[in-house]
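Going in written order, the chains are labelled A, B, C, D and E, and every chain counts its residues from 1.
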Amino acid sequence: MTAAAAARWSEGGGQMIAEATGVFSLTWLLIALPLFGAAVLLLGGRRTNSFGPVLATLLVGLSFVLGFVLFVQMLGHSAEERAFDQSLFAWAPIGDFSVDVGFQLDPLSMAFVLLVTFVGGLVHVYSLGYMADDPDKRRFFAYLNLFVASMLLLVLASSYVLVYVGWEGVGLASYLLIGFWNAKPEYATAAKKAFVMNRVGDIGMSLAIMLMVTTFGTTAFSGVFAGASEASSGVLLALGLLLLLAATGKSAQMPLQAWLGDAMAGPTPVSALIHAATMVTAGVYLIVRSNPIFDLSDGARLAVVLVGVLTLLFGAFVGTAKDDIKKALAASTMSQIGYMVLAAGLGPAGYAFAILHLMTHGFFKAGLFLGAGSVMHGMDDDVNMRRYGALRKAMPITFVTFGAGYLAIIGIPPFAGFFSKDKIIEAALTDNIWVGLAAILGAGITAFYMSRVMFMTFFGEKRWAKDAHPHESPGSMTIPMVLLAVGSVVLGAALVIGGRFVSWLEPVVGSAEEHEFAIPPLAITAIIVTVSLVGVAIAYAMYLRRPIPLEAPTGSVLTRAAREDFYQDAFNESLFMLPGQYLTRFLVFFDNRVVDGFVNGSAAMVGGGSARLRRWQTGFVRSYALSMLAGAVLVVGALVLVRL
Amino acid sequence: MNDFPVLTTLGVLPFAGALVVAALPRGRELLAKQIALAVTLVMLALTVAMALAFEPNAAEPFQFVEKTPWIEQFGINYAVGVDGIALVLIALAVSLAPVVILAGWNDADDNERHRPQTYFALLLALLGCIVYVFAATDLFLFYVAFEVMLVPVYFLIGMFGRGQRTYAAVKFLLYSLFGGLLLLAALIGLYVVSVRELGTGTFDWTLLAGMPIDPDTQKILFAGFFFAFAIKAPMVPLHTWLPDAAASATPATSTLLVGVLDKVATFAMLRLVIPIFPDASEWAAPFVVTLAVISIVYGALVAIGQTDMYRLIAYTSVSHFGFIILGIFAFTEIGGSGSVVYMVAHGLSTAALFIVAGYLVKRRGSSLIPSFGGVQRVAPILAGFFLFAGLASLAMPGMASFVGELTVLIGSYQRWPVAAAIAVIGIVLSSLYVLIMYQRVATGPATENVKGMRDVFPRELVAFAPIIALTIAVGVFPKPVFDVVNPAIERTYSFLNVEPVEPDVPDVDALTEYGVTEGEGTE
Amino acid sequence: MNPENYLYLATILFAIGSVGVLVRRNAIVVFMCIELMLNASNLAFVSFARLNGNIDGQVVAFFVMVVAAAEVVIGLAIIVTIFRTRRSASVDDPNLLKL
Amino acid sequence: MMPHLVEPFDTPSLEYQLLAPMLIVFGGAIIGVLVEAFAPRGARRGIQLVLSLLTLLAAFVALLVWTRPDLGQIVASGNVAIDGPAVFFQGTILVLSFMAFLLFAEREVDSAGDAFTPSAATIPGSESERELTAARVSQTEVWPLTLFSVGGMMLFVAADDLLTFFVALEVMSLPLYLLVGLARRRRLLSQEAALKYFLLGSFSSAFLIFGSAFLFGYSGSISFAGIYDSLSSGVELDPLLLVGTGLVSIGLFFKVGAVPFHSWVPDVYQGAPTPVTAFMASATKVAAFGAMLRLFYVALGDYDWNWRPMFWIVTILTIVVGSILAITQTDIKRMLAYSSVAQAGFILIGVTAASESGLSSTMFYLTAYGFATIGAFALVTLVRDGTAEATHLSRWAGLGRRSPVVAGVLALFLLSFAGIPLTSGFIGKFTVFEAAIDGGATPLAIVGAIFSAVAAFFYVRVIVLMYFSDSPEDAPTIAVPSALTTLSIAVCAAATVALGVFPGPVIDLAEQAASFIR
Amino acid sequence: MIELLSTAPPTSTGEAVAFWVLAPIAVIAAVMILLSRKAVHSALWMATTMIVLAVLFIMQGGIFLGVVQVVVYTGAVMMLFLFVLMLVGVDASDSFVETLRAQRVAGILLALGLGGMLVAAISRAAFPAAPGVGAANDGAGGHVEAIAQAIFTRYVFTFEVVSIVLITAAVGAMALTHKELLTPRKPHGQLSVERIRGEHPTPYPSPGVYARHNAVDTPALLPDGSASEASVPDELRRQGTVRYTELEAAREQESEGGTPR
C-alpha cells in the first residue's frame, strides 16, 4: 500500500495538479474575504461598530458561497482532475530554495472549506445574537473573521510553511478569543495556556519544516510528497513524529491536551467553531494531508494510533466527571478527535473515515456547543449542569437541536455520528483488535457521559438558581442550531451511503484494499450500538432515576481524578512549570549576580587594586626614592637576565 | 543619480541637522523637534530613492560608491558604498528614525538638566554614525563610526535616561570600548598583515576580503573582531550591559540602540568577519553556534523572569540576537539571508515594543510590570499596540519576524541540526515572555494603577502606524528584501570553503544517492 | 693591582649614596648623598678614561662637577625656602601631596 | 704660553644656522635675565612676555627656514645631531611651549594676578607676601627660566653624545625644579612639590650619569655614533653595556614618568602652578621621549633585542599602574597626572616597537598628546573656588550645564585621551599600536587596548560628573580668561580635532622626519 | 674575577698601596655620612670622601680634575653646604628612628642588589688593557692642554651650554631667596620722627606676653586673645617670620584645603 501511495506522488506532482484557472483562480478570495473583514473591523475602530458584525458575517457567508461555487465546479471535473494549484507570489526566495504563497484546492481542502465557511458562517450568525449586548462585539467579530481566514489558509495552503502560517494564525485567533473576556484573570491565563501549549506543538511543526527543507529542499506538498519515497526511513519516521507532535498541540491530543478544557473560557460560539468544529481538527487535517509521509512510516502511524486511542479514552473518562457543561463537551471533543487521529493513524484505511468523522463531528459538536450556549444564555451564563434540569420545556428548540447532536455523537443510527464512528471502529478492529476494543469502549463511555449531560440538562427536576428564568434564545441563535441539527441528522448518511465521501477523497488520500475481518461489519455495528445503549442505560440509572445533588458528591478516587482531568495540570505544573519557574528565577539570579557580578566584580577589583596601589603613594619622598631604586634593580635586572 | 553622493549626503545630513538643532536657543524646542523630524524625513526620501535605484544583481559588490583618500599614510580612504545588506539596514535605521522622534516627541521636555535641543541633536548625530557604520567600505571608517557612535548614545543615556542612568551609561560605554579597543588592535593587526600580503597596507574591504592570511593569525584576528561584536550583539555572557542600558534609556534611544545600532555587530560579522577571516570563521563556527544557542535559550529564560518591561525587552533581544548569529554562522544562504531579514524584523519588533512600553511608562511613571494591570480595560488601542508588538516579537506569521526566524531556523538546521533543534525551544519561550508580560500588564480588571490612563494620542498613533505597516509588509511580502539581500549573502559566503548544503532528496528526477542520519531531527 | 678596583670603589660609593638618600631624613644630608653618587660617577668616568686611554671621561667628569655645582645652588635654595616656611629640613615633613 | 700649545688647536666651527633655533632661545633667555636686572619692575612683565613669545616665534621661524626634517646633519663637532626627529621634536616643543607661555601670561582668571607667587622669597601667608600681592608684583624670572628650560629641551632631543645629553637634561630640569615651587596659591604644596621633584630628579640624574660612565667604559666613546660602532665589536665588555643601558634608561624613565619611576608625577603635577604643569606634562614629555628615542635608536639601535624585554616590562607596568591608579583619584590635577603616566605607557609602546614606524608613531602621539594636555590643564585653571583652583573632582559636578563650552572642550580633550575616534588621541593610539604589532609587540598592543578601556573609565567619570550630576550648592565660579588662555585652549582644541580628522599631513611629516642619522 | 686579575694590566705597586689605603677611607667616610646624627658631621665626612676621590683622580692621571675636585667641590660646594647647614641650625641632629616601615631594610637590600649587579657586571667585563690617558695627553702636548683642547674644540658647544646651567642657578637662587623691597628703607631719624608723631609714642608691648612662647617672634596676646601686632619687631613682620597663632591656624587650614581627600 505504501508503494502505491508514494507512486502517485513520485510520478511527478505537477501532472496531477492543474494550474488554477477560471473560477478556481478565485481561490485566494476565499481567504481574502474574511481577512478583509478582520482588517476593516480592527483598523476601522469604533466607526465600524454599527455595521461591523454584520459585515463580518456577510463576508464569511460570501466566502461560503464562493466555496460552494467552487465545489460545484469541482464536481464537474473528473476525480483525477479535481486538484488545482494557485501560486500567488514568491514569498521567500533564497537561491534554490523558495517558499511560494500558493494554494492547493483539492477534494480534501474543499471539504474543509465548506465545513469551515458553513459552520463558521452559522456561528457568526449565532454570535450576532449571542454577543448582542457585548460592548466589544466588533472586536469579537474581527477575531472570528481572522480565525476563518487563518483556518482557510491552513487548509488551502500548498506548502507546509504556509500551513504553518495558518496554523499560527488560528492559534492567535484562538488566543484572542479564549481571552476575549480577559478581565477575568483566569480567562487570560487560559488563553495564554492554550497559546503556549500550542507553541510546544509548533516545535514539531518547525522542526518538520526544517527537516523537510534539508531533506527535500522544499516544503511544498508536491515536492515533499514526491520525494518522500526516496527519503530514508529515519527521516520519514522523524517527520511523522514531528507532525504528530504538531497535531497533538493543535488538536489537544495527549500529551498536549491540557489546554482545551480551560479554553472553554472563551465565548461559547468560539468553543463551537474553534474548539469543537474546526481548529482543533487541524491536527487531523495535517496528518491526513501528510499521508504520503505516514504511509511510508509504520512507526509514525503506530504513534498516531497510540495517541489517538489514549486520548479518546482519556477524554471520555474526563467527560464522565465534569459538571461544567462546556467542559464536558470539551472532553468529548478531545475524545472524538482521538477517534479521528486513531483513524488517521490507520493509514489509507482510515484517512477518509477520519475526515468523515471530522465533518460530521463538526456539525454535531458545533450544534451541541451552540445548544450549550443557548442554555447558558437562558441560565444567565451558568455552566454548572447540577443547577440545570428539566430545561426541555423552557427551551424546546434548544432541546431538540441538542438532542439531535446528542444522538449523533453517541452513534445512534441513522444520525451522522453513527456512520462515521462505525467506520472508524471497524477499521480499527481490522487493524488491531485491541485498538478496536478500546474504540468500542470509548463509544460506550461516550454514550454514558453524553447521556449524563442530556439528562442533567434537559430532564429530571428543576435545580435552577432562584433568580433563573430560562428562556428560549432568539432566532439568530436558534436558526443556526437548527441548521446544524439537520446536518447532524443527515450528513452522515448523505456522505457515507454509496461511499461518496471516500471516493471524493480518494485522489488525495488513496484507498485501501478491502480487508476481510472475522466478524461481519453488521455484527460489529450491532456490538457498537449495543455498547452505546448500555452506556445510555447506565446514565439513565445514575442521573435520571436518582436525584442529582446540587453539590457534587465526593465520588470515588477515579471520579475525583477524572474531575481533575487526571491531574494533568498538576502533572504539567510539577514537571514543567515549577521547574521552569525555578530555573527562570535561578537564571535571573545567576545573570544578576554571577554574569553581571563578574563584570561588576572585575570593575570593583580594579577599583580595589587602585585603592591599594594608592597607598604606595605615601607622600614621603624617601618612599618614592625607594621605589625608584627598586625600579633600578628591576630595569638593570631585566637587562642582565636577558643575557643570562 | 549615480553621480550624486547620496551616501555622503545621508551621512552628513544628520550631523548638520544636529549642529543646527543644538545651536537653537532655549525656547525654540518645538522648532528643534520639527527640524529633527524634517531631517529624518528627507533622509527617508533619499533612502527610498536610493533603494529604487539599487541594482540587486549588479556585478560589483558595492553601489553608490564614493572613495576619496583620507589618511594616505595608512592606506585609509573615505570610502562608502552599499550592498544589499547595508542598504536594507540603512533603510531600517532611516525608517525608524522619524518614528522614534515622533514617538519620543516629549521625552526630553521634563528633563530639568538638559534641553530637548541637545536630545534631538544627539539622536541625529547617532543616526549619522549609524549610516556611516553601514555604508563604510573602508574598515577604518567603519571603526571610526563604530566607536564615535558610542558618544551620542552615552550622552543620550546619561543625560536623558532615568533610574540608574549614570551607571548604565558608563557600563555601556566601558563595555563597548573594551570590545572596541580590542577590535582596534585586531584591525591594526589586519592592516599589518595587509602590508605583508599586499605590499601596501590598506583598509579597503574590497582588497582585504579574501586576502590570504595564515590560519593562526586569522584565528587571533578573528577573536579580536568577534569579541567586539559579541559584546555589541550582545551575546551571552557579554550581554549584561544591555538590560541596564535599555532600562535607563529613553524608548527612542533604546530603539535605536537595540533595534539598529546593535545590528552593527551582526552586520559586521557578515560584512567583515566572514569574508576576511573565512577559515577562522569556519574554525570557530561550532563555538559561535553554541554561544548563539545559549543566548537564545538563556536570554528568553531570563526575560521570563524580569519584572521591568525595558529589561525584559532587552533580554528578548539577547535571545533574538542569538537567532541572528545562529543564522549567520549557519553558512547557508537561507540562514544568511534569513538573518538579515531577522535583523530588520527585530529592529521593527523591538522598536514596537520599546515605543509601546514607552507610552505605557510615560503614563504610569514606572516601568515595572506589576505596577500595571488591566490596561486593556482603559486603553484598548494601547493594549492592542502592546499585543501587536509582543506578537511581532514572538514571530507571529504574517509579521516580519516570522520570516526571519523561520528562514534562520531552516538555514541553520541544514548545517547544525542539533543547534537548530534546541533553538526551536526559543519559540515556546518567546510566547511565554510575551504573553506573561501582556497578561500582567493589559489583562484582568482595571487596577487602581491604570485608572484614568489615556488611550493613545494621535501623535502616538501616527508614530506607531508605520511600524505596524512595515512589520506586516515585510511579513507578508519579504521577497523584495530577499531579492536585495540574496546576492550579497551569496557573495559573503563565497569566501568560505564550506560545502554547500544540498537537499538530500533534491530532485525527483536526478535521484542518485541520498543519506540522512537515522533519528535526525528528533531532538 | 687591577685598575678595575677603582670601578668597584665607585660602585660601592654609589650604592652607599643611594642608601643615604633612602634612609636619611635631613634634606641637606640627602642631597649630600646625591652628591656622593655624582662623585662616584666621576670616579667611574675617570677610571674608564684610564682603562680606555681616552681623555673624554675626564672631560665628562669635569662637566659633571660644573653641573653639580649649579645643581647644589638650586637645591640648597629650594631647601632654604622650604625651611623658611616649615622651619624644618626634614624630607618627611612635607607630605601633604600624597595618594 | 708655550708655543707648541697653539699649533694643534683648531678653531671649532659651529653650524650656526642649524643651531640657530636653540641659540635664539638661549639668547632670548639671557636677554630676559638682563631685563630682570635692568628694566624697571613695572615694565618687566610686559617686556618679558613679548620677548619670550617673540623668541619662540623667531626660533620656530629659524627652524622652518634653516632646517629640513628630511636631511640630517651632525653639527657642533658631533655634540648635536640636527636630523628629522630632532627638527620635528624641536618644532613641537616650540609650539607647545608657545601655548604654555600664553597660559603663563594669564592674569584674568585669578583676581590677584598670574599663577605665580609675587615673590618666592616671601613666606606663605606672611605680611610681606600680602603687601607684594596687593602691589601686583610678579616674579618675572619665570620667563627667562622657562626659556632656558625650552632651550634645554631642544638640545636634549638633539644631543648626540652622552655629555651633551646630560648637560641638556640639566639645562632642561633645573629651571623646572624652580618653576614648580612658584605657585601663587597653596604655596606649601608648591614648595613641597619642588623639593620632591628636585631630590628625585637629581637622584635620577645620578643614575643617568653613572650609567653614562658605564657606556663610556664600554665603548671608549661618549658619542652615540661611537657607542653604536662599538656594539658589534665583541662581547667582552657587554656587561658594562647592559648595566649602562639600564642605569641611563632610569634617568629617562624618570623624566617621562614611567612606572616605577613615576611617583613624583602626581605630587609635582598637583603642586606646581597649573601653567607649569601644562608645560611639563607636554613639552618635557616630548623632550624626554625625543631623547629616549635618540639614545635607544641611535646609540643602541642594533641592540634592541637586548633592551626590548626591559621596555616591555616597564611599558606594561606603566600602562597598568597608571590607568589603575587614576581611577580612584579625586583631584583633577592628580587624575590628569596619573593619566599622563598611563599615556607615557602608551607612548612607550611605540618606542618599544624599535622601528621607523615606532619612531614616527611616537612622534605623532607626542604631538597629539601635548596639545590635548595643555588644553586640559588650561581648562583646569578656569574653574575656581573663590581664589584658588577648584581641583577636587566633586567641585566639577554639573559643569556641563553651567558652562557648556568649558565642559564641552574638556570633554573633547578627555575623549582624546581615551582614544575615541575623530580625536587626535585615537590616531595616536592607532599609530603606536600599528607600530607595535608591526614590530612584533602584539601583546603590548593588546595590553594597551585593554587598559585603554580601563583608562577610559576615569576620563568618562569626569564627563559623568560634568554632565550627569547636579552642581554642588556653592558651585565654583568659572573664570573668563583673557585672550591669551582662550587662544591657547582654542588652538589646542583645534589641533586635537584636526589631528583626529585629518592627521595626514602631520603623519606625513613624522614619517618624513622619522630617520635618525648617526 | 680571580682569573681576570691575571689578564688585567697590572698597576704600579705604589698606586696599589695608595689605593688600598685610600679606598677604605673613602668607603668609611661615605658610610659615616649616613651614620652621623648631625648634618655637620655628615658634611665633614663628605669632604673627606671628596678629598680622597681627588687623590684617586690624580692617581689615575686626572691631575686637573683632582685639583678642580678640591677647589670646586671640597672648597666651594661643601662650603655652600655648610653655610646652609648653619642657616638651618647647625645643632639640629636627626632622630635615627625610622618611621617608614621597612624603608631601611628594603633600601639596603635593594642597594646591595643593584651594587651586586654592577659589581658582577664589572667583574664579568674583560678589559683588554689599561693604556692610561698618557697617550691622549701626549697627543695634545700635555694633560691640561689635552683637556683644554677637548673642552674648547670638541665640546665647545656643550661648554657654552653649561653656562646656561650656571645662569639658571644664579637666577634661580635669586628668585627663591631675594626679596625685592617695594619701598626704600627708611632712615632711622625718619623712623623716630614718625614714632613720636604717630599714635603710639610709648614703648610697644613686649613680645610673648601671655603667648605660648616668649621668643621675640611671638606676639603678645591682648586681653581678647588676639595677637598684638605691635609687640613684634617690624623687621620680623616684614620678613614674615612672626609666629602668629592665628597665622599658623590659617596656614594649616590652607594646607588642608589643598590636600586631596
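Here, a contact is a pair of C-beta atoms (placed from the backbone, for glycine too) under 8 Å apart; a residue touches a chain by one contact, two chains touch by 3 or more.
Bear in mind that the values here come from a model prediction, so they are computed numbers and not experimental data.
Trainee: Suppose you hop from chain A to any chain it touches, then on again the same way; how many hops at least until you reach chain E?
Mentor: Counted as steps through touching chains, the separation is 1.
Trainee: Which chains lie in contact with each of chain B and chain C?
Mentor: In this structure, the chains that contact chain C and also chain B are A, D.
Trainee: Among the chains, which one keeps its Cα centre farthest from the Cα centre of chain D?
Mentor: Ranked by distance of C-alpha centres from chain D, the top chain is A.
Trainee: So which chain ends up closest to the centre of the protein, judged by Cα positions averaged per chain?
Mentor: Central by C-alpha mean position: chain B.
Trainee: Report the chain whose CA-based centre is farthest from the CA-based centre of chain E.
Mentor: Chain A.
Trainee: Considering B-D alongside C-D, which chain pair is linked by more C-beta pairs in contact?
Mentor: Between the chain pairs C-D and B-D, C-D carries more contacts.
Trainee: Per the centroid of Cα atoms for each chain, what is the distance between chain A and chain C, given in Å?
Mentor: About 95 Å separates the centre of chain A from that of chain C.
Trainee: Between chain D and chain E, what is the gap in Å from one C-alpha centre to the other?
Mentor: 28
Trainee: Distance from the CA centroid of chain C to that of chain E, rounded to the nearest Å?
Mentor: Using C-alpha averages as centres, the distance is 10 Å.
Trainee: Please report how many Å separate the Cα centroid of chain B from that of chain E, as a whole number.
Mentor: From the centre of chain B to the centre of chain E is 69 Å.
Trainee: Spell out, as numbers or ranges, the residues of chain B touching 2 or more other chains.
Mentor: 174
Trainee: Out of chain A, which residues touch more than one other chain, so two or more?
Mentor: Only 603, 614, 617-623, 625-626, 629-630, 632, 636, 640 qualify.
Trainee: Can you list every residue of chain D that touches 2 or more other chains, as numbers and ranges?
Mentor: 120-121, 123-124, 163, 167, 170, 174, 177-178, 181, 188-189, 195-196, 199, 203, 207, 214, 217, 238-239, 242-243, 266-267, 270, 457
Trainee: If we use the touch criterion from the header, which chain pairs count as touching?
Mentor: Every touching chain pair, ordered by label, is A-B, A-C, A-D, A-E, B-D, C-D, C-E, D-E.
Trainee: Could you please specify the touching residues of chain C with respect to chain A in the complex?
Mentor: 18, 21-23, 25, 30, 91-92, 94-99
Trainee: Looking at the complex, which residues from chain C come into contact with chain D?
Mentor: Its residues touching chain D are 7, 10, 14, 17-18, 21, 27, 30-31, 34, 37-38, 40-41, 44-45, 47-49, 51-54, 56-57, 59-60, 63-64, 67, 70-71, 74-75, 77-79, 81-82, 84-86, 91, 94-98.
Trainee: What residues of chain D sit close enough to touch chain B in their complex?
Mentor: 398, 401, 415, 418-422, 426-427, 429-430, 433-434, 437-438, 442, 445-446, 448-450, 452-453, 456-457, 460-461, 464, 467-470, 502-504, 507-508, 511
Trainee: Which residues of chain B touch chain A in the complex?
Mentor: 171, 174-175, 236-237, 239-241, 298, 301-302, 304-306, 333-334, 337-338, 374, 376-377, 380-381, 384, 391, 396-398, 402-403, 406-407, 409-411, 413-414, 417, 420-421, 424-425, 427-428, 431-432, 435-436, 439, 443-446, 477-479, 482-483, 486, 489-490, 501-506, 508, 511, 514-522
Trainee: Residue numbers of chain E touching chain D in their complex, please.
Mentor: Checking each residue of chain E against chain D gives 117-118, 120-122, 124-128, 139-142, 145, 149, 152-158, 161-162, 164-165, 167-169, 171-172, 174-180, 182, 237-242, 247, 250-251, 254-255, 257-258, 260-261.
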